[in-house]
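Order of writing sets the chain letters: A, B and C. Residues in each chain are counted from 1.
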């Protein structure tokens, strides 16, 4: 199944509109190109509707947000909803400032998202802000482990159901869930967290995957998460004793570029709960 | 001739002011350094005149434009004109949104450009917006090929004459033309389009080349286009089976860094029409 | 001593808030991660106080400043001062425009800095703007050499005393001084200046080092300068004949990633004047 999903990305070459932070934007553009899609970055309120109209999907990432770009995120998100385009939210740093938490919550209220992708802390912040599954949140640790995996998967499903979206919680173990089904994904390397923006890259990649596979957003998001993790493994295997996080960053994008559907199908490590 | 042009860049080390998008700005700065020039990035309206005054040339790139930076582009462009400094326009995404098309047209009306560099689609958008060579545009395909090369060269010359600028249309075959003469350039690799910003990098490089060679902007722009394409070839030859677009990006900048006038002269592949 | 200083960074993993330019921001984030600290980039006035509150230190870099971010720099700086957090200033391009010079001077007036790091030209601009050591400035050349090292060290000490901060002047020879003591540092390679943002990276690294070593800011800043220079040497030794400034950029960050306290202690080349 993941094979067909990735093949669809390379065949359909979807055009993905990104409103994203200026820290990792170049890597996001290159990873979208690496998977076979095309990126456009545009964040002015006077053009985001036009740009979204010619695109197939939208990726909203709130890292380095500001009052100017928040307005553009809302406009682009609403336009994407009107057009029936998939929209991904990366709530970078939700919980770290009032502005980020409030902006993420406002986006969730005014825009319908296909996928919400963040770490456990960000997703918990959103779930609390939306009054969901509070009991679970309170108990849930800030790290998904084998021990609390069932609990975390239940939390992801509950929040996915509440938001009517796919929820992707990434970390040592990744969970990608809709209301009914959770993929628990074991790809990836801990060293990926020493690179800035692997999460941002994954969100951009996810937008490409769900845009090329609109009838199966859960599986497309899970495939994107597996692809990123697998790229992290492949890239890690190439590193010499002198290489560090900068070379690792490049090799991960390279690995997406060289990956194909069959390699993804063969390398994906997951179970469904 | 291209040898002397590149040697001039390395000898004169021109300082190039860039108002450019936040996606590829780091690569633009590094490619300007790689060719022997120096970059300054500055986009606030309260400093662009000061910065342009201490620079030798200006590169305006409208990717990720916004209302704040559009004003700065106009101010910097006018100041460069007053000072007699070469100015390059990269109309990224002209045609993709009303804002980009109108901004590009406003820049063309209010600022005199030395070189206008874009892909065929962007340049056609500008030519139509300026009421030029409409018949040619209508017929001209969105890809320059051996079959339509004469037509494309005629279009480039006509638009160059209209704008009194050098026009560089880059793609599988590149055309660099003034009103009288068109360089048709065969350097480059198709894989370069899998990297974000090779076009942006080329515009920044072109600004460095024309600033160091002000008496021959056509040849300087053609030399920059050949240099970028040749770097794409040299870099491609280094790639292993594991390398992808991220490593390719680095190797292209590296190839500019290692290139000299003689290598450019020997590797440039072009004909004049 | 430098061993312990670097070990502290890796052990304490300080969270560093960066308000920095969009040119080199990705490299700044990756170099902060490479040394074992964590970066957050945030520049909106409505969140910088919140973000600074959860961080341990602040790095303010005025490259690509604008009216919106200048306000945020002042707010974040004042908040960091209230919290007793170390603050680093990188006055990129002070002297190149009125806006940069005035902004740097305003920051120096309204915010107390732990370290001020720039090249000799930038630091001279600040010293003149603050009315300090004018006689020395007037005579001091724009390049620190063995010949004028005593004079430059005296200038650095005088400005450090005036500002009650550590002053780091980087160039062929680096000087890191407080009012009493100047480290003259001989690490580094001239080729580092062919990469955009090695100075910006060093400022971000310095913020991490001083935040993890608050009781000895002079030594921490000197250690960061040695670490960056040593990384430049280590990375240079890896370069092939085909590599240029793009690969060199990656290898320098890699070298910080692979460096440890012992390697820094062994490789640091300095004298105290």
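One rule holds for everything that comes next: a contact is a pair of C-beta atoms (placed from the backbone, for glycine too) under 8 Å apart; a residue touches a chain by one contact, two chains touch by 3 or more.
The shown structure was predicted, so the numbers you read here are calculated from the model rather than taken from an experiment.
Looking at which positions face the partner, subunit A and subunit C present mostly different ones, since fewer than half of the interface numbers are shared.
Chain copies subunit A and subunit B are related through a rotation whose angle, from the C-alpha fit, is 120° to the nearest 5. Per-chain Cα centroids separate subunit A from subunit C by 34 Å. Counting partners per residue, subunit C has 22, 26, 249-250 as the residues that reach two or more other chains.
Subunit B contributes residues 22, 25-26, 29-30, 33-34, 39-44, 46-47, 50-51, 54, 68, 234, 238, 249-258 to its touches with subunit C in the complex.
The part of subunit C that touches subunit B in the complex is made up of residues 21-24, 26-27, 63-67, 93, 96-100, 194-197, 241-247, 249-250.
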